[in-house]
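Below, chain A partners chain B and then partners chain C, in two separate complexes.
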Partner chain A sequence: MTVTPMNAHDQIAAGRRAANAGERWTARVLIALALVSTAFLIAAPLVYIFWRAFAAGIGGYWAAITTPDTLHAIWLTVIVTVIVVPVNVAFGIAVAWAIARFRFPGRGLLMTIVEIPFSISPIIAGICYLLLYGRQGFLGPFLREHDITVLFALPGIVLVTLFVTAPFVAREVLPLMLAKGSEQEEAAVTLGAKGWQVFRYVTLPGIRWALLYGAVLCAARAVGEFGGVSVVSGRVAGQTNTLPLQIELLYNEMNTSVAAFAAASTLTMIAIIALIAKTFLASHNRRD
Partner chain B sequence: MAIEIAQLRKSFGRNEVLKGIDIAVEDKELIALLGPSGSGKTTLLRIIAGLDWPDSGRLEVDGADWLSIAARDRRIGFVFQHYALFPHMSVRDNIAFGMTVRPRAERPGKAVIARKVTELLQFLQIPHLADRLPGQLSGGQRQRVALGRALAIDPRVLLLDEPFGALDAAVRRDLRSWLRSVHDASETTTIFVTHDQDEAFELADRVVIMGEGRIEQIGTADQIHDHPASPFVARFMGATIELPVRIAAGRATAPGIDTARIERRALPDGAATLFVRPADLTPVPDPAGLWRVKQVTSTGALLRPVLTGPEGQDIAVEILRRAAPNLSAGQSVTLRVETGTIFTETPPGQRGQAGQPSEINAIPLKEKQK
Partner chain C sequence: MSLISSLRTAAAVVVLAAAPALAQDKILNVSYDIGRELFEALNPVFAKTWKETTGRDVTVDQSHGGSSAQARAILEGLNADVVTFNQETDIDVLVDGGLVDADWRNAFPNGASPYYSLPAFVVREGNPKGIKDWSDLVRDDVQPVFANPRTSGNARYTYLAAYAFALEANGGDEAKANDFVKKLLSNVPVFDTGARASSQTFAERNIGDVLITFEAETAGIVAQYPGLERVTPGTSLFAAFPVALVRENAEKNGTVEVATAYLNWLYTPEAQRVLAAQNFRVTDKDVAAEVAAQFPEVKLLTVDVLGGWAEIKAKHFDEGGILDQVFEN
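Presenting the complex of A and B:
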């Protein structure tokens, strides 16, 4: 048997070829798996929604989403979102600021509590509010006495949505503030800036992209929130039904009607817009 | 502005970082706070700036009690170690910041601010960088902008935390002499923190050496180099060789060591320690010598013999190769001490009480008689 001596260079090249061939196959299989699962699990349902929504043509679609109940549901969802997002932005900044810049008893606890809405099912949040503000609830008598309606009305929907979306802004802003440290703010103070000037001219510009990013996540979640809201809204079409609730109602009533899919398609479009905004902001956020 | 600091103490939790600091800084002086990390020098600087508050003590500037004044009202120029420039503002806006945030009544007009910024940019030799963002600048340029931003408020006192710590050696040297000229031109009382001896001694009028929350010594480069006030300072200044000696009638002796060149000192008889720099010990060939040459290495300019003493201890010394005697391994030598500092043993804890090293140990007799 003759052994042709291979020089070191050839050996390395051969080894690399063999390794590359193996790697190439692994890569192909993984890519195929990812594509197939994305197509079936995510893309197909979305495409199907639009396909069904436009099954009766654009006219049918338009008629479906301009029924008074659906329009009202869209309107209600917009109002809830417009209230929830600014409140959560303010809340998020306050929490992040407190945790990042101060040492106080309960700081660790606060950090954990802020995350709670993420680990609790929204239905449970809804039920908690029911127990707290309901007729038989803890605050029920007080609210009735003062003629305040919380449940089965806008305040209840807003409160539950606030609960569910509370962590989004704080979660984005806090790590950034911790990473940036407080030197810039201290520099501003030594230069004579007052508290609000430090915030306005130094802190805020530093966290603006994270803030917007958190706000978009918060808005997307507020628009799509179903579980918690379904418990406290009372689900009256044309009165307390938000868009997700209205979609379910339409689907249950008329099963596979254009109306349900048309309403669903509007929600999907909001989600896609949020996704695009999110991607755009994420790239800015990373640069900061 | 003259700064007077007295009995300043500060603890973080159970960790006492300043254990009673006393310094008097004169008007227009340039002072370096020198010490290893953890010596409390940055904390002291931050207290002067109003970014930290002491637990007790006094801080007065031109007679005014600064501990009752908030940081933003002290008009301090503080330069941070990592510059802390505002990344979203141009160089021009960074420098103008301190003027633009003033209350409307005290704020100079836009044109005045612009002129002042332009002047500062000229003064700092960076007019071409006016419209850049901090992210587009090198470390040395950022340092200049940070100093410009601090000077723009006409600070009463200028404080710099490790101003050259994050720069490479060549830029450091440049900026060092530049900072000196900036100080001389602006005549602002300046304190800077550093752990670099060369930097401290080259730049400062007086150097304050800090160790573990205490001031070990205050003085000029020569004073501290020749007469370290404590074993800590001696070690810090490079006297890393410690030889046990006995004092008798003010003279230090030790077997195998020639101490004739050390001045007599007003020291009590008994055991003491001689602190010497490696370059201040000369091995002299002597057949009766008690030290042995273990090995000799050369860096070209310097010889580094390692010597073994009568008790088996190894020390490494440095001598100029040109002036060196012929040394080879195994040879017997006597150690001649060119200069050194003697400290008597002090029971642990005793020295710390007043925060002041016991002076009698350190000052040569000659000096004491003056």
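Presenting the complex of A and C:
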């Protein structure tokens, strides 16, 4: 029996097989851990929300959702989102464009400032607006003199939501614009395109999926915003209560758990729709 | 000059003549966090009465939140015409801000508290531990449940009621009262931040032998969770639900008349019946007699036996006060 020495290729393959057996176990344990923690941390609470929301049947759910105050809360949340998302899209493009295409003093600072809302708790944003625009605040006397209402009304809610959601679009668009570079835009300019045409036909098609992805994230965050808005809303039912605030209000009471969970499930459904849109857009984004 | 004044008179006549047709009053009532159902029941009744007596329509808008946070919002410009709170000290904050009259307690009857409640007990079915009064809560085999008195107004009342009970039982001996609340607090298995969370700890997680919360809450808890029953202790503490006109806002909004009428209306038999139906004790003698069966007799102490709110704050709740000394959480 002749012993043929293993060639290098076989040796590597054998080593890999041995390692694979060990790795497979590690992988299985890790996957099991991930599944169990996902089930307990994310899936179970979601199922529970819907289970409680429909505890009194579809009729009970519908009755809870269609009370005037809850309907108004849904409506207000939609209005705030519809205002906030386009503003942040414009803001995000402008910031990303400025940082990606120009060199100017303070460019690094601007990049940092845009990220600030991510690192500050929303309630701090709310309190800052309160201290600035409040009756005892810095701008308070001026606003009162001119009868301008900012806090405890739509403008205050929109401002805080804008603050909280400001980084989402810029953050998605900026890396893409930096990666793509400005060659195509420069070529367009050389061929005689005006600034607007460059943006419309060259820049925008390149970043559209990232832009939509950022907009969906921004919308999801705007819909769910609680901490900052709770400070500046005034919580007037049927006027300044957004959906998350309405959920808290309903939850704080006895005998209204169906109403609270029904409102919560509505918010959850919006979030799930946003998640599906996000996944769809993310796959397009990667392809670009 | 005379032309202008006659024009003014003419304008006033036109406005007054048009008023009944256009009249629409609107006030904002800023209130505590769990009062939504109560005012949803009260406001339509007031609107009907106001329409009948004045011919004008009125909308009462509601805002609900933790009453200290609500007071803060009013200080910063939330346009409240009236406040209906569950903590007197939160109205005093508005007095300091210049928004509410300093003598607001005398502006309406009963210390400006149209209805009131008191800390009471919820126990397990059949009251297996035989819990009847505050003295039972310091037994070694009894676990009472209530929220953290540092964060919850409801739990502060529980703490003060226990203290007032112990003071009375021991002939005013403060050292013995301190020991009593210390033992009480050490018996509590979990301190949640708010009363709602404590109710869940007791009713849903089945922790503890007795839940202590406002009597007005106990009916709702017993209705929602089968297997619990209510116990009213022999002695408890008067918990005011104070109301006040936010004068600065009401004057600016031109709503002083309707806002004052709204608060006065809360004392009428019509409103008091709605309040009693929501399990609040009421001040109107006739209505109180009608619903007497609903409310067991109880010896009510007021915060005055503890020296009033200013002294309570300094002595019990400020840093290094009695609560800090007896509460090792």
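The criterion applied here is as follows: the second predicted complex is superposed on the first by the 268 of 288 C-alpha atoms of A that agree within 3 Å, B and C clash if a C-alpha of one lies under 4 Å from a C-alpha of the other, contacts with A are read in each partner's own complex, and residues count from 1 in each chain.
By definition in this document, contacts are C-beta pairs under 8 Å (C-beta built on N, C-alpha and C of every residue); 3 or more make two chains touch, one makes a residue touch a chain.
A quick note: this is a predicted structure, and the numbers were derived from the prediction, not measured.
Shared-chain residue A:Arg235: touches chain C; no touch with chain B.
Within the superposed three-chain model, A:Thr26 lies out of touch with both chain B and chain C [touch as defined at top]. Applying the stated contact rule after C-alpha superposition, one finds that A:Ser119 touches neither chain B nor chain C.
In the superposed model, A:Ala187 lies in contact with chain B only, and not with chain C.
When both complexes are overlaid on chain A, the residue A:Val202 reaches chain B alone and has no touch with chain C.
Counting residues of chain A touched by each partner, chain B versus chain C, the larger count belongs to C. Per the touch definition, chain A reaches chain C in the complex via residues 130, 133-137, 140, 144, 151-152, 230-231, 234-240, 249-257. Note for the complex: chain B touches chain A at residues 49-51, 71-78, 80, 82, 84-88, 97-98, 101-102, 149-150, 153.
For chain C in complex with chain A, the touching residues are 28, 30, 33-34, 36-37, 61-65, 70, 73, 75-79, 97, 196, 199, 217, 220-221, 223-224. Note for the complex: chain A touches chain B at residues 183-184, 186-194, 197, 201-202, 205-206.
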